[in-house]
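Here it is, the structure, as C-alpha cells.
The first chain written gets the first letter, and so on, giving A, B and C; residue counts start at 1 in each chain.
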C-alpha cells in the first residue's frame, strides 16, 4: 500500500496509452473484435429461447448464492463420498500453500495445468516454481502467454493480443532446443508443433491442475469446458488431479448445469456447445484401469464471501464467458493487460476493486462510457454498467476521487440547481468559444479539454443559448 | 484447515443472514431440491432426432455412417483404411461393442490410449440431438484417455440412445448409476482451437477426427 | 419541453426543431425557465447528492405539464429510469419522480408512439447513416422510431452501420477524463460510418453527434452531421454540426 493513489491512477492511463500505441496489439485486437460479436449473435439468433434461458440461469445462480453455505456443504459431502478431498482457502496465499503442499507430497516434478482464471488470481505458477516444480500451461493460448512470460489478456482467449508472427518467434525460440529447429509460420503447423511438444508433457506430468466452470452439488463433480481437450488430458493422465475453484462456482443439479451450459458457449465463442464438456468426480474408481489416484478440490474465498448479501452480490453470478469483454469498446481498444490484474473488461472493472480493495484501482470503474452493452449481453444478466456506477458512488462518498474533479463538479452542480444563474453564467464562455470556433465550426484546442481536442475538434457552441433565444422569441410574440 | 472451512462458511452466513449454521432441516430442503430437480427451459425443435443429431454432428466437423450391428468390424476397418491406417485400435466398451465378435483380421487393445495411439473405438452411452453431443462414461473397460489421445476417434452409438435434450441424457446416466463413475465426457466434434488469430484449427490436443458409427437397432 | 443542456448551449437549433415538430403536430409547448441539465454528469460521477438536488429541480419545474418531451435518448433515460431509482427510498419524492418518469418521452418516441405523426412535406436529399445512441437504444428501446419518421422524408435513404449498436466513445465526462480511449473508439466508429458511403450522419443524441462530428472534422471529412429532429423539421439549410458557418449566417 506504499504507492499513492495518485500514481496508481496514472498507471492505468499509462498502460492504456501504451496499448493504444502498440501496433501489434492493435492489429491483434482488430482481428479478434468482430468475430466474437458476430458469432455470438448468430448463435443467439438460432435459439429463440435464449432470453428465457438467461432468466433461468440468473435465477439458478441467485438461488445458489442465497444458499451458498448449504450447497458448499452438500457439495463437499459428495466429493468425500466419491473419495476426493476438499480444501478451503481463505485467501490466495493459503490456496497456493495448500496446492504446493499437495504437489510436494506427491513428489511432483512436472505439473500440467488446464486454463484456470482462479489460479491466475492466486499467482499459482510462481508459487509452484518457487517450490521447485516445472509448471506447464496446456491451453494453447495460455501456453503461448506462458512462453512469452506474460499473463492472459482475455479470460477465454488468453493470447488474443498475440499476432501469428509473434507466436512464430516464441515457438522458434522455445522449441528449437527441443529439436523443433524448423521455423514454422502457418497456423496449422504452429498448432501441430504445440500439440507434439505438449503431448510429451501431458503423459509425463505428475500432477494435473484444472479450474472448474462449475461444481455440481448433486454429484460432487467439477465441470470443465474446453475446445482443445487439454483440460481432459490434464484431468485424466497425471497421478494426482487438483481442481481450483472460487466458492461461487456451485450449481445444485445436473439439470441446472444444462441451463448454464446452454448460455456459456454461445456467449463465449458463439458455439452452441464447446467440443469438450467434462464432469470429473473423485479419483479413479475401484476396477478403473486409469485415472488419478488422488483428487483434491481447493475452494477459494479471497473476498467473495464478503460480497454476498451486498450491493455487488450479482457479480458472483459471473460464469467467466468473456462476452462483456468482447462487446466492450474500451477493452476492444486496449486489450486486457492495461487493466492491471487478472480480470479485465467490464467484469474485471467491477471485480478487481472488490477483491483487491477500492483504492487499488480507481480508474477501472471510471474508464467506461456506460454504454451498457456488457449488461445487455451478459448470460446471467449481471447489471455490469450499473455496478460500475455503484463503484463511482462509493468512490465519491469515500472521497477517493480526485479533489479538483470534485470541486469542478460540485461548482457545476451548484450552478445547475440554479437555472437562472446558470443561464447567465454560461453566456460568457459560450460567446468566447463561439468567437474562436464559430467560423471554422469547431475548436482545435480547448483549455481544460486538450485531451478531447487531441483527437477531434470540439464543435463550436451557439452564440446564444436556446434558453436566451426562446426568451426573446416569447417577448417578441 | 478446518479453521479455514469454518471461517469461510461463517463469513458466508454472516453476509447472508445472522451467521448461524444451517440447520439440518434447511440442508434437507436443498437436498430435496436437488433430488427433485427437473428440466427447465429447453430449446424446441423438430421430432426427427436422428436427423437433427446428424446435422449438428456434421456442423461441428464430425463424420458419420449408419450401419447394422453385425457390420461394426468391417466399417471400422474400412474407415481406418481410408485414413491409411492398419486394422488395429484401442477398444472401449458398451452393449454394442461387448456383443461384437472380433475376427482375427484385426487387433484390438483393451486398454487406455497412450501418447502414440492412432485410433480408438468407443461406445457412447447416449447422444444428444439438441447439440450433436456424445455422452461417454468412464468405467473399468471404458478408459477416458481413448476419448482424447488418438488421432482418430471412432464412436459407436446405438440409434435408440439418441435423446432429445441434455437432460434426457442425465436421466439415462442417473438410472444406470453412471453418475457415480469418475468421468462423464460430453464430446461435440473433434478437438479444435481458436487461440491463434481467433481462427479455428482442428486437432489441437485431442482427436483430429471424430467418426461415428450409428448402429441401427437389430 | 426539456431542452437538455447540450442542445441549449451547443445546438439550439435542435431544440427549435423539436419545438417545430411538436407544434406542427398540434402540441402547445412550454419551456420552463427553471431548467439546466438533467444531472447526468453528476450521476455518472457517482455524486448522488448533487444529482438528487438537480433532479428535484427538474421534477418541480415540470410538475404541471401533461408530457415532458426530450430531444435526447440519454437525458430522457435519466428522467425516465434514473430519477425513480434515485428516489426509491425517499417516501416524499418517489411518487413525484415516478410521475415525471411516466409522462416523459424521448422526442422520436413521442412523435411515433404517442402522436402517430405524419410529417408535413419535408425533404432531405442525402444518404444517411443513423447512429443509435447507447442509452436510447438499450434503456429506452429507441431504434425503429427515428427510422419510421425518416422514411417519410423525401429523397432520404438510410444506411445501417456495421455493428450499429456499438458505442461512439462519448460517454459524457468519459471523453474528457479518458480522451485517448474515447478518441480511439470514435475513430473506429467513423471508420464504420465511412464504410456505409453515406454523406450524412444522423442521431438522436447531441453528445454522440458532437463527438462524431468533431472526429470527422479532424479527419478532414466532409460528411454532414445533423440531429434527427433537424432533418425531420426541415432545418438543414444552415451549417451542420461542427461545420463552418457561411459568411452570411455568421
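Please note the rule applied: a residue touches a chain if its C-beta (ideal position, glycine included) is under 8 Å from a C-beta of that chain, and two chains touch if they have at least 3 such contacts.
These figures come from a predicted structure and were not determined experimentally.
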Quick check of your reading of the touch definition: is the inter-chain graph here a line, ring, star, complete or other? line
Taking the mean of each chain's Cα atoms, which chain ends up nearest the overall Cα mean? A
Whole-Å gap between the CA centroids of chain B and chain C: 53
Rounded Å distance, chain A centre to chain B centre (Cα mean): 29
Report, in whole Å, the distance between the mean C-alpha point of chain A and the mean C-alpha point of chain C. 33
Shared-interface residues of chain A (touching two or more other chains) are none
Touching chain B in the complex, chain A uses residues 28, 31-32, 35-36, 47-49, 52-53, 55-56, 66-74, 82, 87-90, 94, 98, 138-141, 144, 157-160, 163-164, 167, 187-188, 190-192, 195, 198-200, 202-203, 217-219, 221, 227-230, 232-233, 235-237, 247, 252-256, 258-259, 261-262, 269, 272-285, 287-291, 299, 301, 305-310
Chain C touches which residues of chain A in the complex? 13, 16-17, 20, 34, 37, 329-330, 332-334, 366-373, 375-376, 389, 391-397, 401, 405-406, 409-410, 412-417, 419-420, 422-423, 426, 430, 438-442, 444, 449-452, 454-462, 464-467, 469-471
Residue set of chain B touching chain A in the complex reads 1, 4-5, 7-9, 11-17, 21-22, 26-27, 30-31, 33-34, 37-44, 56, 60, 111-112, 114-115, 131-133, 138-141, 143-145, 147-149, 165-167, 170, 173-174, 179-199, 201, 203-207
Which positions of chain C touch chain A when the two form their complex? 3, 5, 7-13, 15-16, 31, 33-37, 39, 41-48, 50-51, 53-54, 57, 61, 134-135, 138-139, 163, 165-167, 169-172, 174-188, 210-211, 213-215, 217-218, 239, 241-245, 250
